[in-house]
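In the two assemblies presented below, chain A is common to both, partnered first by chain B and then by chain C.
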Partner chain A sequence: MDQLGIMLAVLGAALAAGFAGSGSAIGVGIAGESGAGIMTEDPGKFGLVLLLQALPGTQGIYGLLTAFFAILKVGLLGGDAVSVNVWQGLGVLFACLPIAIAGFYSGIAQGKTSAACIQMIAKRPEETGKAVILPAMVETYAVLALLMSIILLNSIQF
Partner chain B sequence: MTCSVDYGYAVSRLRAMENRLLEPGVFQRLLDSEDLSSAIRVLSETPYGKWILEQQSEEKFDKAIESELLYIYSETERFVPDPGLYFICRLPYDIHNIKVLLKGIFNQKEGGKRRMDLLTGLGNMPVDEMVMAIESEDYRLMPFGFHRTVPDCVSIWDQSHDILQVERVLDEALFSLQVKIAGEMPFEGVRLFVRSRIDAENIRNLARLKRMGFEAPQAASFFHNGGSVPVEKVLSLLNEPFEGWERFLSFADVSKTLSSVQEHTDLDSLIMDLERSIDDFLSGILAKFKYSAFAPENVLHFLWLKEIEAKNLRILLVGIGNGADRSVLRRLLRNV
Partner chain C sequence: MAVKRVKKVRILSHQDILEKVLAALQSLECCEMISSDGQGFPGEEHAAPPPDRARSERSSNLESSIGDCRSLLRFLEPLYEEEGGMLERLLGPKPPVTLSELASLRSSTDLSDLATKARGLERRISEKRSETTMVANHIKLLEPLKDLDLPLWIVSRGTEKVTGVLGTVPTARKEELIDSFSSLVKEQGEVFVAAHGDKDAEVMAVLVFPRSIEREVLETASGAGFSKVDCPQGLEGKPGQEIARLVSLREDLAMDISSAEEEASRLALDVVPVVRKINDFLSVLSARRDAGLSGVFTEKVFALRFWIPAEKLDDLEKTLEPFMPLIDIHSEDPAPEDAPPIILDNPKWAVPFSPLTKLYGMPSYNGIDPTVLMAPFFFLFFGMCLGDGGYGLVMGAFFLFALVRYRLSGDTRNFFILLILGSVSTVLVGALTGSWLGDMVDVFGIFGPIRPLQDSLVLIRPMNDPITFLAISLALGVIQILFGIVIAMWDAFRKGDMMGAFADQGGWLALIVGILLWGASSFGVGGSTLILIGKILAAAGALTLVATQGRDKPGIVRKAVSGVLSLYNITSYLGDVLSYSRLLALGLATSAIAMIVNTLTGLVSGIPYVGWALAILIFFGGHLFSVVVNALGAFIHSLRLQYVEFFSKFYSGGGRVFEPLKLDTKYTRITGH
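Now for the complex of A and B:
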């Protein structure tokens, strides 16, 4: 049963890294397509486009961070071996879900917002400040999910 | 068929290309130009400049405008996922070319001259191929069903020598094709645009036929199916005074085109303002899609804006060249 507990924890870590990373990949891809469209006509906007394209990438980092926390918690990343029962494993799995789900959806949503803002700076480069703020609003919910995942992971007693 | 998120690249690129569109200040400077030479100088400072340089004389400004449009269409073709979007915009030029070629052939049969200079390269079908197909009467390779429409037109001419009937058949073919192409794409905005364009064309024809004193039975073939307003409804307006048209059509969006021209007392001035009002109405239909970052309708919007810009330039340059009153020219400008 200890093995099942560990596996559940590993599944949670995999979901956190996998889903949040996928959301980021899709989001960065969407923003990148828009960025390429702008730069074909105006290569001088590379700096602004890169900044906006990178924003949806943070969800992937949050997912990876949570995954590290999870496997660190169950002792798979060094340190003393920890005995993990099924309920503890389930706890780790559930703790990883907030960033897995919110990371996936917010990554895509942020990518779309970034793409729209990239289009905005194509016509109004002087509005770059506002263009960065709008996708950053989406980021808030990924950060909240990350916080919740970390709090939940810390609350599981081994 | 592509889904709308695939338009991220295309719409972004078009947003950047919108910076090529002339600003109202340029139109103002053109309006303030004393003569055609100074207007061409103003235009030389814009993206049209490189095309103007290629022309041998400043009277050839129309070729420069056509070159810019051709450049825009060629660029757009490279990255727009659904070709139907630019087919719809370029079809009127194909029909124009067919009309020019057929009229040339018909004229020649009656001892007249051909006007090959009126052909435009803006159509979907390359001009050389179209000339070859029509002159050799080998229509098999003509796209968009032209291989059936063109022989029909030739036989109509052979039987009746009625050039208006030929034009009506070609116009009907144009709108049927646009409806068909729009129907094959999953974009409601494109279908709405095509329907509205047919409605607008019917209203335009209605005003012209009313001015020419046509009766309903004679006029029926000048109206096109496929719009939001049934042809019978439009036809019934022919017997009504134009002051009441807006009320009769109040159920349809196209009635907006009439609201701004109601104060006219004669059909001549109404028709002049109606042309502008129709173009503004169609621009308005597509303009609402500019708030969506991935809407395919943005492609149509950009191409339409470019067409309107070209139309404005032609109005201004022809008017300035002929010494037209600047206030009249200003009144004719669309969407500026």
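Now for the complex of A and C:
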């Protein structure tokens, strides 16, 4: 049964990295499409567009982070071997869910906001500051989910 | 913590010296023109500037020169190789020039001639390019027909008796086309179907037939799925010959284009630096002309009105001294209905933070400037979000280098200094939390000797004790939000709004502090007296809010309902405080990503032969990526805490940035006359 415990933890890590990463991929994709449209008109905006396109990318990083935390926790990344029972494995799986779910949806939502903000700087490049803040409002919820995932992972006792 | 006082100035003088006065004001760089909006002198009807042929001619000359400059730069700048690269031009010091140098440069350069030359080149290149595209299309069209042994003029023109058509037919139906065509025209015509691959859905076909039965042939053929393609004019010979001709034509065109492009590059090398300088000069002149147009004129006299910082009044008088008998200066304080421009006036240490205020929006003239109030919080929060000594050092070194290397000025300089301050804070937080490129010092053996030094500085390790760090984050949030409410209270007090100060802000302050004191007892802090004080404060706060928050509503019932409902706003304060948990989350994320990079480095270094190279790659690449991503996140999120959680308590912005008439140049720095 030890194996099942570890595999549940691995499933948690896979979900965290996979879903949060997918959310970011879709979000960055949406923002990128919008950015390419702007750059056909004004290639000089590349820097600003890239900045805004990168914003929805953080969810993927948070997912990766959580995944690493999870497998580090069950001793898959070297260190001392840990014995993980099924309940502990389930705990790790559940702890990964906040960032998996919130990462997926907030990545997409943030991508849309970024795309809209890219449209905004096309017309008003002087308002870049505001354009950077709006997507960050969405990211808050990914940050909160990451926080919860980490606290949950941290509180599972082995 | 304030906004600079400004004065409204009006000068009256004689038309003859208008240009000179404007030039003097422009060099002073501290006067923002007030547009007259067609208003005349007070009590006079006359408004429009008198027609002045010389002036309007000069103005249209200026316009056409600016147009020439723009078109030259638009075409030639992409071809011009910058000395020292792009970054050098964007950030580097601009070459110093004087106005008279620029003026003589302008008069010695024939801009319109250069512009004509450049436009000619540009047109030549674009014509040749479109011709190349056309030729390529023709080649593509003829390629399948290269085995056809029939001159194309039969298809493109035909003779009196014979004509032909070019078209495509679905591959599956080509037999059908051949059969139906042969049975219609018998021996009098010919059908050619081009070679094709197995997977091609359509195939090219040429039909040649007597002109007399053209209509029938086309009907039959389209019945077999044939659709006509127009044969381009000018194709005469057999397809094979035509293709050869077109290919060599394409080569000629390519050579023409590259020679024209070379010519353009040479032109760019010659004229771009000159045209840039002239462009700067013209924009100075055009700003000066526009400033002149904002004035009011009579036949002999003009009046200009502008804003100027009060402290610059003496400078203004000194500058206008030479015109003295001819000029009248009158200054006054802004009237209540005016909307004076805003200049932030901050102590030196807070100036680097002023771009953040500008980003949100300037304060109003009598409002609070939030720069000083927010600066310490931003400094601390940035450090907590990035929170790694190693990353702080890397970032600080990078921006310090850029600052020294490129001798920046203005808001770019402020911004870079802000980031350097941020990295100082990051190093401090990193030292206190024991994070130097994550856990680098702990995991790599070679850092063993400095491990005790690192450990001696550590106060708390958020990785091991996240809850304490979370409590610190939230406590900072409470402090900042209460501070925001106190500022709003003071502001209301200052403006004489006692009800706003004590009922709105005071009520919330009492309620929140009361609840906090009350709640502190659950952690065993404070005795029963403190709890009692907390309860009383909370009750007093809540009662004040219930009693006053409905004061704008009519009727006692609606007043009471609004008052009670206003207590619901406590959730927004709760949400604001919880939002500060990002300080922990982002700080943890930085340390964790750094830790992952270190772990991966350790893992790959065990691979035989290439392990060390991979380890170096992952270590440097990974940490570089991490510092960029996390610094961006730290900046945005600590800024958001200021804008959304802090500013919303007391600050509304709405001011207008001061935009003086100045020597505004893009490529050069004007140092004098």
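Things to note:
The rule we apply is simple: the second predicted complex is superposed on the first by the 158 of 158 C-alpha atoms of A that agree within 3 Å, B and C clash if a C-alpha of one lies under 4 Å from a C-alpha of the other, contacts with A are read in each partner's own complex, and residues count from 1 in each chain.
Assume a residue touches a chain if its C-beta (ideal position, glycine included) is under 8 Å from a C-beta of that chain, and two chains touch if they have at least 3 such contacts.
Bear in mind that the values here come from a model prediction, so they are computed numbers and not experimental data.
Following the overlay on chain A, a side-by-side fit with no clash is recorded for the pair chain B and chain C. Working from the superposition on chain A, the chain A vertex angle toward chain B and chain C, CA centres, sits at 50° in steps of 10.
Contact comparison for chain A: of chain B and chain C, C touches the greater number of residues. When the shared chain is aligned, chain C comes close enough to touch A:54, but chain B does not. In the superposed pair of complexes, A:123 makes contact with chain B only, with no contact to chain C. Of the two partner chains placed by superposition, only chain C is touched by A:151; chain B is not. By the touch criterion defined above, A:132 reaches chain C but does not reach chain B. Once the two complexes are laid over each other on the shared chain, residue contacts for A:65 go to chain C alone; chain B is not touched. By the touch criterion defined above, A:140 reaches chain C but does not reach chain B. Put simply, the nearest alpha carbons of chain B and chain C end up 7 Å apart when the two models share chain A. Within chain A, not a single residue is touched by chain B in the first complex and by chain C in the second. Against chain A, the residues of chain B that register as touching in their complex are 5, 8-19, 79, 293-294.
Listed in rising order, the residues of chain A touching chain C in the complex are 51, 54-55, 57-58, 61-62, 64-65, 68-69, 72, 77-78, 129-130, 132-133, 136-137, 139-140, 143-144, 146-147, 150-151, 154.
Residues of chain C touching chain A in their complex: 359-360, 466-467, 470, 578-579, 581-582, 584-586, 588-589, 592-593, 596, 599, 602-603, 629, 632-633, 636-637, 639-640, 643-644.
By the touch criterion given at the top, residues 30, 33-38, 40-42, 112, 115-116, 118-119, 122-123 of chain A touch chain B in their complex.
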